[in-house]
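As written, the chain order gives the labels A, B, C, D, E, F, G, H, I and J, with residue 1 at the start of each chain.
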Amino acid sequence: MPSLPSKTLETFPNPAPERDFHIHMEIPEFTCLCPKTGQPDFATLILDYIPEKLCVELKSLKLYMWSFRDEGCFHEAVTNRILDDLVKATKPRYMRLTAKFYVRGGIFTNVVAEHRKKGWKPAPKVELASFDTQSNTRG
Amino acid sequence: MPSLPSKTLETFPNPAPERDFHIHMEIPEFTCLCPKTGQPDFATLILDYIPEKLCVELKSLKLYMWSFRDEGCFHEAVTNRILDDLVKATKPRYMRLTAKFYVRGGIFTNVVAEHRKKGWKPAPKVELASFDTQSNTRG
Amino acid sequence: MPSLPSKTLETFPNPAPERDFHIHMEIPEFTCLCPKTGQPDFATLILDYIPEKLCVELKSLKLYMWSFRDEGCFHEAVTNRILDDLVKATKPRYMRLTAKFYVRGGIFTNVVAEHRKKGWKPAPKVELASFDTQSNTRG
Amino acid sequence: MPSLPSKTLETFPNPAPERDFHIHMEIPEFTCLCPKTGQPDFATLILDYIPEKLCVELKSLKLYMWSFRDEGCFHEAVTNRILDDLVKATKPRYMRLTAKFYVRGGIFTNVVAEHRKKGWKPAPKVELASFDTQSNTRG
Amino acid sequence: MPSLPSKTLETFPNPAPERDFHIHMEIPEFTCLCPKTGQPDFATLILDYIPEKLCVELKSLKLYMWSFRDEGCFHEAVTNRILDDLVKATKPRYMRLTAKFYVRGGIFTNVVAEHRKKGWKPAPKVELASFDTQSNTRG
Amino acid sequence: MPSLPSKTLETFPNPAPERDFHIHMEIPEFTCLCPKTGQPDFATLILDYIPEKLCVELKSLKLYMWSFRDEGCFHEAVTNRILDDLVKATKPRYMRLTAKFYVRGGIFTNVVAEHRKKGWKPAPKVELASFDTQSNTRG
Amino acid sequence: MPSLPSKTLETFPNPAPERDFHIHMEIPEFTCLCPKTGQPDFATLILDYIPEKLCVELKSLKLYMWSFRDEGCFHEAVTNRILDDLVKATKPRYMRLTAKFYVRGGIFTNVVAEHRKKGWKPAPKVELASFDTQSNTRG
Amino acid sequence: MPSLPSKTLETFPNPAPERDFHIHMEIPEFTCLCPKTGQPDFATLILDYIPEKLCVELKSLKLYMWSFRDEGCFHEAVTNRILDDLVKATKPRYMRLTAKFYVRGGIFTNVVAEHRKKGWKPAPKVELASFDTQSNTRG
Amino acid sequence: MPSLPSKTLETFPNPAPERDFHIHMEIPEFTCLCPKTGQPDFATLILDYIPEKLCVELKSLKLYMWSFRDEGCFHEAVTNRILDDLVKATKPRYMRLTAKFYVRGGIFTNVVAEHRKKGWKPAPKVELASFDTQSNTRG
Amino acid sequence: MPSLPSKTLETFPNPAPERDFHIHMEIPEFTCLCPKTGQPDFATLILDYIPEKLCVELKSLKLYMWSFRDEGCFHEAVTNRILDDLVKATKPRYMRLTAKFYVRGGIFTNVVAEHRKKGWKPAPKVELASFDTQSNTRG
């Protein structure tokens, strides 16, 4: 049965609702159309969220992204719209969407939007030294 | 109809005024003249802002940057002046302009200036782990 | 005597329980199975903790990671489960587990979960300039 | 007048046909469909060529790439097909096309194909030290 | 129908047998067992080849790699063995396999082996300037 | 008229005294002598400041740095001394000097010192996502 | 006496005409106008040459680059034209010019052209291991 | 007179005790023995401190590090022990020691420990944009 | 039974003597003493070889490297000596040893030496595009 | 007895004159004066050579570099002059000097010169895969 683009975002139950934990997803395969010129636009999306009762299901997220392929979208609007859809589907404690668009007119544009559940507060951050991970092999 | 350099910054309505969201633009094609020697200066500009009712339009931003091509500008002054113009045009909740100038006299200079709307306060930051994005392909 | 995979995490006494100090471990050799397809999944795990009375022993940590090799695990669930096991074994003041999974469906997923001992508070951070370490040799 | 996707590649006369010179173009905005699943595929294309009488025109190259947006294409076949089209349009002394596809099934695939004009030979290489360019600004 | 690990490598017809072209595949998800200790080993494999009549099919390549998951393999032997299997399945004009193993005993080991079809010769290299691709977005 | 090394730091009026803005200067050409051995020492200096009424003039800053060429200086002392001189000349709201010295005895030393004007307080930081700038060209 | 843009390239005598040696210059401050739209274009130029009797003087090279600021230039043509001017001024044994243009239409273009003195041949290359230089300081 | 390894840490008077300033030292040449196997262990140490009346002298620090060459040391214990010795010798306002050990059993371990003088408090951090330093030369 | 440092290099039979293949080993844990001052020296060694009948065994290579820990060695001499020992033990078709020493006197030194079996010739190189591997995870 | 700058280059006997081997030295601490303006210039020097009977002694090389501190030197001339001095002192089979100068007038200049002993020929290169070394620790 073939997959099709879809605006439906499927979810599964949060396996650890007793703690605030952070899910980070990088989605490099986003494309839509420029509403003014009709030409293709491209972006890498970064999704960060702290789930409440639901997590977003990976495959449906991919099909959801595919659904923008033939739609006209402004950079600032589409970032806010995707965030709205994801919030509606998963009702998270916290969610942030970062969209990094490919260069247009010699200018690079990124858009960052976030949602916080009313009344939710993050635990105060424990600041530790942080260290980069490197490639697991040499050369 | 050909484009021309212009100090006019066009705007469009903020598509999500109900939330504070962040627009980041990198503008690598800035050049002006040194007011002392008349020789060309170059910089990369970084614009970060949280819009109120208006967003700056990409193409007019490009033409605005072009308008400095034949003007004499000191590093510290031009950064503050561009910020002033952008603030006047968009009246943002928050705006920060970072200018990275090419080396002069063996010294590298960057200037960072910001504007905050009176009475506006950022929501307390939700601190998450952050991860670099990499190239979408290998090699 | 050959080593075998094991869910038992061995510990040794914290050599400096009088101070909060930070142990960071990067574990690039994690693999389990996808519970839906049975196919292998891979991740790099990052463990950060502040020990109380016990530290986790390196070799048993390695055998513990090995023990997931033939188990079916969802990304979000296994990260929380490993954190739970490590917390149970070492009862740390603070522990954070970061799991960076290999790409699936064109999407990269990282999961970050943490545990704090009740009543424990980190000393306020002393913010210093930080500097990257580089390779110890040239070329 | 709006632009439309097009398989037509426009050209302009080589401004320096008296010497072999090298034109390198990086085209990060390529997307087509997987002929088996219908799902989107993505790639960055790299075009290197030594023109004879004609150079490929930038805007038509962009529209040409757009024309694959709704076509089903296998990685190995589409790389060879684009090379064939470009060779037919420009009849270059030498041309190489490198396609770097986004990961599928956990595997990264690049395809490299080249065309040489019959009887053309490159001048023997003059081997010089090579040095990377860095960012033009600091930070 | 679930996928299963398999030593069978499927192929498809080379879409451009009229030219020597280069297929490069990076396979980061290889794991086997150390034949001396039984403990897991990990590697990233890099496959470079110039096909003759057949190309290796992506999904079967993935299942083939999976088939080593429970086998004991020495670094030097398994690299040569995989090359032998791939050569037998595809009978390429040229094939090179590079295996980058994770560190053991504080030492990093890579193994590189190649096969050339009898009588086949590569066209003399056209040496061009080469340029790195970077991320398609900023930040 | 030739330039000469000089301990005099020239200034010019702050073009935007109505706001706190940040000037960052990287000075890679610092050398002095080791007071114990008389041998040359080298460092890269980083100057960050928020001006009050005066900014430091670029050329005089260069000549000032030159003036240390024949002086014996300890790492810790010279960093504090240069900060003192710059503070005396510009009376800034805030100033930080970072000195990164070349390796001595196999050990790399950096020194960071700062000055704050009495009574001055920075506006609370607006925390935004930050993004690296990359090279403006490819390859 | 102020400097002015100039197409005159000044030279000085090669200090070591008895050997073939290599001079490499990176010129990040090139800008001209697009002949079709009149809008600014930007590039980084890389000059590599082996002098015969004359070397190009640094300051005049800078003023020469400045002279293109108000001229309309196609990418491929201007690279060949600058090479021609430099060859005419210095009559080198070998010269290569690499121009890396800023992105236009989402496509990055580099152009590489070279000149060889008739009858001149490079000594056969001595192939040594090569090692990257790193920053001279840490952090 | 030859140098010898020594546990004695020499000091010199803080040249700027009137301000809190930060000294950062990277010590890449640390080796000791594994107390269980007797085999060599290696680490890079990073020392960050804010001196009170005394600074640690560079050469004695090197000889001190050498003194561990033939001693058996656990990772967690030796990091805390070196911090204790350095604190005892210099009685700093603040000190942090970061030890990055070479990989063992496929796992990378870093340990970070700190000391604060009783009653000492850091001035609230002035948060500025930070910019990476790059190599002082090109290529 | 504890391991001990040893000048004995153990070998195992080449599993693919029918082809020339390349084994690359990076050995970051080398230390010896300076014969003039008695102070520790450090290096990263890189071993590249094409085996004939024998391969060098990993663990004995580690113990061999350990055996230099208390010996006085000049940089140039020890690199050639280790190459001699490895050649004697394995009689390879080709072997290259690269030693990258830690900085001394502000100067970084690398030494590269190689051995070729009499009469052995490498097959002519097949030049393919080469692509860097990156980290297998994001961030 | 203090060290002094000196034009004398000391040597020691080549420990392996029976083979061509490669010594690479990176010398980041070079400074001289501009002969036109008297202002300081800076460079990183890279020395690569294949010794005959003599190697250059590290400490005298450092003092030799120091000897240029108060001399006026043009970029192209000083690189050739240092190569001449090193060749005279060591009479190597092959020597290459690379000088990377700090930016002047917005232009970066590198100079590369080499010397070959009459009648000496390098053995034909054995081309192997090459792999970058990374930092020996994580983070």
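List of remarks:
Here, contacts are C-beta pairs under 8 Å (C-beta built on N, C-alpha and C of every residue); 3 or more make two chains touch, one makes a residue touch a chain.
None of the values given here were measured: they were computed from a predicted structure.
Separation of subunit C from subunit E in touch steps, taking the shortest path, is 1. Compared on C-beta pairs in contact, B-H and C-H come out with C-H as the pair having more. Which listed pair repeats G-J comes down to matching contact pairs by residue number; over half match for C-H among B-C, C-H or C-E.
Of all residue numbers seen at the subunit B-subunit G contact, over half occur in both copies; the interface is built from largely matching residues. Centres computed as Cα averages put subunit A at a distance of 41 Å from subunit H. Averaged Cα coordinates give subunit D a centre that lies 46 Å from the centre of subunit F. With centres taken as mean Cα positions, subunit I sits 44 Å from subunit F.
Shown for subunit G are the residues in touch with two or more other chains, namely 22, 24, 26, 28-29, 42, 44, 100, 102-104, 106, 108, 110, 112, 128-129, 131, 133-139. On the subunit H side of its complex with subunit E, the touching residues are 102-104, 106. Within the complex, the subunit C residues that touch subunit F are 128-129, 131. Looking at the complex, you find that subunit H touches subunit F at residues 14-16, 19, 21-29, 51, 55, 58-59, 61-62, 123, 126-129, 131, 133, 136. Of all the residues in subunit H, the ones that touch subunit C in their complex are 22, 24, 26, 28-29, 44, 46, 48, 74, 76-77, 79-80, 94, 96, 100, 104-116, 122, 125. Across the complex, subunit A is touched by residues 24, 26, 133-139 of subunit I.
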